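Alright, structures below, take your time with them.
In what comes next, chain A is part of two complexes: it sits with chain B in the first one and with chain C in the second one.
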Partner chain A sequence: MDKMNIPIGPQHPLLKEPLRLNIEISGERVLGGILRLGYVHRGIEKLAQTRNYNQNVSLTERVCGICSHVHTTTFCRAVEALLGLELPERVHYIRALMCEMERIHSHLLWLGILAKHIGLEMVFMHTWHDRESILDVMEEMSGGRVAHAVNQIGGVRFDLDEDHGPMVDSTVKKLKVDYEELLDVIEHDTTLKARTQGVAPLSTDDMKRYCVVGPVARASGVDVDMRRDDPMPPYDKLDFQVITHPDGDAWSRTYVRLQEIRQSLHLCKQIIDDIPEGPISVRAPRKVPAGEVVMRSEAPRGELFYYLRSDGSDYPARLKIRTPTLPALGILPEQLSEIHIADIPVVLAGIDLCIACADR
Partner chain B sequence: MQWLKKRMRLLLALVEALTGEAETVSYPKTELELPKGYRGAIQLDEEKCIGCGLCVMDCPAHGLELEKESKSVYKLTYYPARCAYCGQCERACHRQAITHTNQLPGSTTDPESIIVILKDQKEQEDSDE
Partner chain C sequence: MNKLDVDALFNVLGGEIDQACIRQDSIQNEVVIEIPAEKLPEVSSILLDQFDLYHLSTITAEERTGDPDYLEVQYNFWKGSGLTLLIRLEKDSPVLRSLTGMIPGADFYEREVAEMFGVRFTHRAETPPLLLPDDWDGDPPMLQKEETK
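Right, the complex of A and B next:
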């Protein structure tokens, strides 16, 4: 049969962010895809070299609109490591609480998008409704719905007051109930299973070859999670499981993310119960000594990597950000072969691409 | 049995949707409830400000400008159209002169018209600092 090329994007109803795919098809079969990136490149790494460290906290927050908090956390931790600051325990707990809530809302957002792509509007509405309740708590605590502005070098900007604990508690309780319903749908709904099971599976070796991280890798059986492998405090004191699944198809990615929501809910509860009293920041000197540091955190989509080099001046000499979406994009051409055209949305959604992160 | 359970759940969800509170607010008819730490436009306590310029230094969006002639003659200007409402200036000020209000400047096609002169310190005979 004749081959044909279909361009998808950069503006396309299927995509939430600009990305260009040139897909080669033959009849209903997809033969391959070529990827083009860079539509939302903002030059953030270069821009960071022209701002001082405090300004860069706000800048790194704007790398991504979904996992904004983990970006500032990683950046602040990198600067604090250069400064040799010892932070109060309470700071770590507040940062981790926001990280976990961010993971929950990011996974719920993703699940909603996947459900919408395969025609399960009801699941989409329910997940986004649940996501809204988490966002409400985050907004109430930090003052911002997307840009939370929680971190500063040397600590956090807000403290939990007596209302926040019960608020997190009741939201976690409510989401746990909704979670069971969602799990029931994921595990038993025939439509969802028919559309996702066995779609473009990738093996553990493939994932390792492409250096993929996060839930996508874990859904192919790669046991990697920065919260356990290179824990920032207080994760070393908290109890949680790293979820993996051997199949590597779109369904197992759904399953892994859903189980991670449960782990994050569990973590939120622990953090709220165990959070120690104390100050929420220490005074950080403005002058950052010369040196270089690598800081890694577990963002909702996987390992987030920051490399920071200081030459002792007011501005960073180099800031390198590697986001988890970048390696995940590498598997896309491989995934987009030997599938049906109707599976393209599932494959694209399954990876949970964040193009703004990847392009920076 | 499973069939009945599913239908019951649907029915319950329907009742909840019909009787429960709406998730949305009909803004602007209903007042929006803003969170405690909401970061709107900034305001300045002129008494506290000494014109040190720390806030200007840390603002990532060039939202603040300081024209300084001497220690006691300076002008601090706020450009809401450039402001990212990030809270950096509030934190940078060691004298707690800057705070966020819960107001946002209305939308406009003329950004110049919403510029606020936060403080215009002229020469004083008995300078307090």
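Right, the complex of A and C next:
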């Protein structure tokens, strides 16, 4: 049968952010694809060299519109390491609480998009409804739904007041109930299983060769999570499981993310229960001593990498950001090979694309 | 997660690579080894085959103002903790052998370093633009000087 090329993007109803995918097909079978990024490249690494450290907190918050908080957390941790600052325990707990709520809303957003792509409108409605309740809490605590502006160098900008703990507690309780319903759908709904099980499976070796991180890798059996394996405080004091699955197909990616929501709810509850009293920031100088540091965090999509070099001024000499979406995109052409054309949306959704992150 | 045994790594590197590798403590949270560019495939092969150090977090390049004739390229690996291979390249002719043969995930990282810093990678297919426009004909953006500081 003749081969044909189908361009998808950079603007396409299937895509929530711009990228270009040239797909080669033969009949209903996809032979492969070529990916093109860069449509939302903002030159953030170069821009960072022209902003002082405090301005760069705001800049790094805008790398991603979904996991904005983990970017500022990682950047601030890098600067604080160069400054040699010892932060109050309470700061770590507030940062981790926001990180976990961010993970929950990111995974729920993703699950809703997957459900919409495969025609499960009710699951889409339910997940995005649940996501709203988490965003409401984050907005109540920080004042922002997308850019929370929680972090500053040396601590956080707001403290939890007496209402925040019960608010998180009641939201966690509500979401735990909703979570069981979602898990029932994921495990038993025949449509969802038919559209995801056995679709674009990738082995543990594939994931390792392509350096893929996060839930996508864990759904292929790669047992790595920065919160456990290279932890920032307070994760070394918290109890949680790293979820993996051996199958590596689209269903496994769904299952792993859903189980991670449960773990994050569990972590939120622990953080609220265990958070110590104390100050929420320490004074940080504007100029950062010369030095270099690498900082890694577990973003909702996996390992987030920051490299920072200071030359002793109040501007970074070099800031390198590698977001977890980038390696996941690297394996996308391999995933597209030999699938059915109707499975393209499931494969694209399955890796949880964040193009703004990848492009920076 | 079994962490990287740094001492064992240096024993192997010392035996097989001789004096070419220099241990540094220039980066916080990382073990840093400076190596000559021609040793990159050999050292990477040892990391993968003997130490199961398969995860390349990224490739970071930078230009140091105090050392204007050179580019530094870092290969940031991770296995329980970070390991950085550091290579200094002459800025006039920065050339590196590609690692995509043994680490396919290095593809995007090499393409980004190629377009942003003008490093040429051999032993691989061409490096098409990753982030820059197809018709970009200026200097590599990260080497351009800004006056806004």
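Here is the rule we go by: the second predicted complex is superposed on the first by the 360 of 360 C-alpha atoms of A that agree within 3 Å, B and C clash if a C-alpha of one lies under 4 Å from a C-alpha of the other, contacts with A are read in each partner's own complex, and residues count from 1 in each chain.
Please note the rule applied: a residue touches a chain if its C-beta (ideal position, glycine included) is under 8 Å from a C-beta of that chain, and two chains touch if they have at least 3 such contacts.
All figures in this text were calculated on a predicted structure; none of them were measured in a lab.
Student: After the superposition on A, what does A:58 contact: first (chain B), second (chain C), both or neither?
Tutor: Touch status of A:58: first partner only.
Student: So in the superposed three-chain picture, is A:152 touching just chain B, just chain C, both, or none of them (first/second/both/neither)?
Tutor: first
Student: When the two structures are overlaid on chain A, which partner does A:144 contact: first (chain B), second (chain C), both, or neither?
Tutor: After superposition on chain A, A:144 lies in contact with chain B alone.
Student: Classify the contacts of A:129 with the two partner chains as first (chain B alone), second (chain C alone), both, or neither.
Tutor: first
Student: With both structures placed on chain A, which of the two partners, chain B or chain C, ends up touching more residues of chain A?
Tutor: With both complexes superposed on chain A, more residues of chain A are touched by C.
Student: Is A:121 contacted by the first partner chain B, the second partner chain C, both or neither?
Tutor: In the superposition, A:121 contacts neither chain B nor chain C.
Student: Check whether A:293 is in contact with chain B, with chain C, with both or with neither, and answer first, second, both or neither.
Tutor: second
Student: For A:326, is the partner it touches chain B (first), chain C (second), both, or none of the two (neither)?
Tutor: second
Student: Please write out, lowest number first, the residues of chain A touched by both chain B and chain C across the two complexes.
Tutor: In chain A, no position sits in both the chain B and chain C interfaces.
Student: Considering only the defined contacts, which chain A positions touch chain B in the complex?
Tutor: 51-52, 54-59, 61-62, 129, 132, 139-144, 147, 149, 152, 157-158
Student: Over in the complex, which chain B residues touch chain A? Could you list them?
Tutor: 23, 35-39, 57-61, 84-88, 91-92, 100
Student: Can you list the chain A residues touching chain C in their complex?
Tutor: Where chain A meets chain C, its residues are 37-38, 41, 43, 45-46, 49-50, 81-82, 208-213, 223-224, 228-230, 291-296, 303, 305, 307, 309, 311, 315, 317-318, 320, 322, 326-327, 329-331, 359-360.
Student: What does chain C use to touch chain A in their complex?
Tutor: These residues of chain C touch chain A: 1, 26-30, 54-58, 60, 62, 64-65, 74, 76, 78, 80-82, 84, 103-109, 129-133, 141-142, 146, 148-149.
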